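Look for subunit A in each of the two complexes below; its partner is subunit B in the first and subunit C in the second.
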Partner chain A sequence: MTGSAMVFYAAAVLTVVFAAVMVVHRNPVKSTLALVVSFFGLAICYVLLSAPLIAVLQVIVYAGAILVLFLFVLMLLNLREEPAPPGSSRPIQTVLSGVAIVSFAGLMLGLIRASGDPAAGADPQPLTDIARVSRLLFSDYLLPFEAVSVLLLAALVGAFVLVYSEKRA
Partner chain B sequence: MSGPVPLLHVLILSVALFAIGLTGALLRRNAIHIFLSIELMMNAANLALIGYALSWGTPEGQIVVFFVIAIAAAEASVGLAIFVALFRHTKTIDVNQVNLLKW
Partner chain C sequence: MSLLDFGIIAARVLLPALILPGIVIPLVWVERRGAGLIQDRPGPNRVGPMGLLQSPVDVLKLFMKEPVMPAAADSFLYTLAPAIAVFAALATFAVIPYGATLEVGGRTIPLIGADLNIGILYIFAMTSLSVYAIVLAGWSANNKYSLMGGIRSSAQIISYELAMTTAAAGVILAASSFRLNDVVAMQEGTWLSFVPRWNVFPQFLGFLIFFVAAFAETNRIPFDLPEAESELVAGYHTEYSAMRFGSYFLAEYVNIMVASALAVTLYLGGWTLPGFHPQGILGTLISIAIFAGKTAFLVWVFVWVRWTLPRFRYDQLMSLGWKVLLPLALVNIFLQAALALGTGVYR
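Presenting the complex of A and B:
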């Protein structure tokens, strides 16, 4: 096993463990911080899978911007760790959703196994070449790129309209 | 071009993360937790896309991931704005206690 493979498996374990911590923790702030660690582990995986641009975006945009936005909203709403209200445990639903999730994962793994490993295409240029990815983004994918900018503007206006209250004026 | 690990292992990691995210989205009742789980599921899909991009030697997968990240940013801003507006009305973001749209 090469060194980079070992780093990949270590990052994979880190990612899965902190994702599980995110799901089971009751405190939303600690949950969000666990997801930040999990996304850092994913960024390490992206670097090893020769996608350095996506790894940088993962750290800056996901861990740095989106999850910090979550933290801001959590602090704004002042949400505390809330104990489970009495009579809220629903064992039947829990067991059923567990069965559904396990069967989903088994189905996906079966499909992946059945599809087999695709033949690796001969590639003269490595994918780590950011200039190549960027050139493709600004030539063939220019229209989706501009559409995303319109989407972000619409999200900005929509978020403002949703939280704007006229009473404050 | 092949990576440091087989594609199968990357896809197993992706399925594991997606299953964890699905668990959170189905079982948690705090809206913030559900939202974080959805973000985790998006990242699992991104990981599969990057694994296939490396395995096939084409950069298109990375470009799709780029768009997914941008759309996730838009989704997060609107979703959190909905939570803030919801919290103003109901003083809770427990999805079981929010039934305004239930008949």
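Presenting the complex of A and C:
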């Protein structure tokens, strides 16, 4: 096993295990922290795919900003651990979620097999160069880029309107 | 890769990481003596000549003290938080060039931990992690003052990070690169043969915003709301003692040095000086000294401001960040774009 393969498996295990911890942990703050670790593992995977830009953006945007806001809200609400639901055996839900997990895993496996060699259709020039990414954003993908900006602005204005109307009332 | 190559890389990365915490010891002395100077009192002056041995003795004391953990604390996160603080502070320095390229025995050794082409983004990624150290400390100690400090800090750091990043965008625009070596290279030489081509001159507004935001990012007065002693006891590290408390202390001073080093690299020409062309080992050493000198000056400004200004109120802090610094930083981007496109200020 080469060095990068070892790093990949370590990062992949980290990502998956902590994603699972995020789902099953009863304490919301620790759930969020598990998600932070999972995002970190994902960032390492991006670095291995020679996409350091995506990795850094992943850390800045998700780990550094969005999840900190999650924590901020959770800490303000001061949520404690959820108690285990009464009568914890729920046969129907257990069977249904099992079916969902198996079918989703099967779907993903099938897709990965069908897609063949991932390197074959890959861009010969990987997007490591930030100048190239920017040029693409402002030429070929200008319309989606601006559309996303407008969408974010709309969300911002929406939040403002909600808060402001409450203040005046 | 030979063993020697490996050793050189290890030295490039590890030396700054070992030297920075070492400088903290005299830096604490400078801070306390500086406080004495500004407040017209002696400061520490009993242990050693001019009180110089006070800080080493304090460090020894912190190491020997018993770490006390509150019974209701979350022991894992409580222990992890100070480690994150030190890690985030030290890891940030990895992409800052601290001297001219060293040429020894046919090898060229760049004096930088890792010459990433996204160096500036990497720095913002690492500084955005430092917030976890404070938030986790505040939450895991299970103390209301700690929690208030943690909550304040998360809001404060996110708000000021925005202004800081936007201000730094002006430099990225001028250098048309995220690589910090390119940023240093573009500041070599002079305008009109006497003004150094430092970014601080065309981007004084950006420098001001960046430096003010750096005070908020390092939780220093006038923005030390997360630990405001008069209202929160000691904020997020109220429940910390011994070397765990010492770790936060260490991280704060390393953060000050890294923020100053970054401001020097982005706005004050890094290790360059007009008319100075480094040659040989001596030239490299001089370039490191230039870099250290500029950084030391900014670190002194941190100390100076701390003992000069009172603390902001929380709502004042937030309105300064969002209503003053961020709009000004956006104006700065437009100004820099106009300068870069319309004039020959930048190469």
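As a working rule, the second predicted complex is superposed on the first by the 146 of 169 C-alpha atoms of A that agree within 3 Å, B and C clash if a C-alpha of one lies under 4 Å from a C-alpha of the other, contacts with A are read in each partner's own complex, and residues count from 1 in each chain.
Just so it is clear, a contact is a pair of C-beta atoms (placed from the backbone, for glycine too) under 8 Å apart; a residue touches a chain by one contact, two chains touch by 3 or more.
Keep in mind the model is a prediction, meaning the values are calculated, not measured.
K.L.:
Evaluate whether subunit B and subunit C can sit on subunit A together after superposition, giving fit or clash.
P.N.:
With subunit A as the common anchor, subunit B and subunit C both fit in the superposed model.
K.L.:
Quick check on the superposed pair: does A:Ala19 touch subunit B, subunit C, both, or neither? Answer first, second, both or neither.
P.N.:
First partner only, subunit B.
K.L.:
Look at A:Leu76 in the shared chain and tell me whether it touches subunit B only, subunit C only, both, or neither; answer first, second, both or neither.
P.N.:
Touch partners of A:Leu76: subunit B and subunit C.
K.L.:
Is A:Gly64 touching the first partner subunit B, the second partner subunit C, both, or neither of them?
P.N.:
Only subunit C is touched by A:Gly64; subunit B is not.
K.L.:
A:Val163 in the overlay: touching subunit B, subunit C, both, or neither? Say first, second, both or neither.
P.N.:
first
K.L.:
Between subunit B (first) and subunit C (second), which does A:Val56 come into contact with in this model arrangement: first, second, both, or neither?
P.N.:
second
K.L.:
Touching A:Val133, do we find subunit B (first), subunit C (second), both, or neither?
P.N.:
first
K.L.:
With the two complexes superposed on chain A, say which partner A:Val36 touches: subunit B (first), subunit C (second), both, or neither.
P.N.:
Touch partner of A:Val36: subunit C, not subunit B.
K.L.:
Per the overlay, which chain contacts more subunit A residues, subunit B or subunit C?
P.N.:
So, of the two partners, B touches more residues of subunit A.
K.L.:
Give one of first, second, both or neither to describe whether A:Ala10 is in contact with subunit B, with subunit C, with both, or with none.
P.N.:
neither
K.L.:
Looking at the superposed set of three chains, what is the minimum CA distance between subunit B and subunit C in Å?
P.N.:
Superposed on chain A, the two chains' closest C-alpha atoms are separated by 14 Å.
K.L.:
Which residues of subunit A are in contact with subunit B in one complex and with subunit C in the other?
P.N.:
Dual-contact residues (subunit A): 53, 57, 65, 69, 76.
K.L.:
Please name which positions on subunit B make contact with subunit A in the complex.
P.N.:
Listed in rising order, the residues of subunit B that touch subunit A are 1-13, 15-24, 26-30, 32-33, 35-37, 39-40, 43, 46-47, 50-60, 62-63, 65-67, 69-78, 80-85, 87-88, 93-94, 96.
K.L.:
Show me the residue ranges of subunit A that touch subunit B in the complex, using the header's touch definition.
P.N.:
Interface residues on the subunit A side: 2, 4-5, 7-9, 12, 15-16, 19-20, 22-23, 28, 31-32, 35, 38-39, 42, 45-46, 48-51, 53-54, 57-58, 61-62, 65-67, 69-70, 73-74, 76-77, 79, 82, 88, 94, 97-98, 100-102, 104-105, 108-109, 112-113, 117-118, 120-123, 126-127, 132-133, 136-137, 141, 144, 148, 151-152, 154-156, 158-160, 162-163, 165.
K.L.:
Note which residues of subunit A are touching subunit C in the complex, please.
P.N.:
For subunit A paired with subunit C, touching residues are 29-30, 33, 36, 52-53, 56-57, 59-60, 63-65, 68-69, 71-72, 75-76, 78, 128-131.
K.L.:
Show which residues of subunit C lie in contact with subunit A when the two form their complex.
P.N.:
77, 116-118, 121-122, 124-125, 128-129, 131-132, 135-136, 138-139, 147, 150-151, 154-155, 157-158, 161, 176, 178
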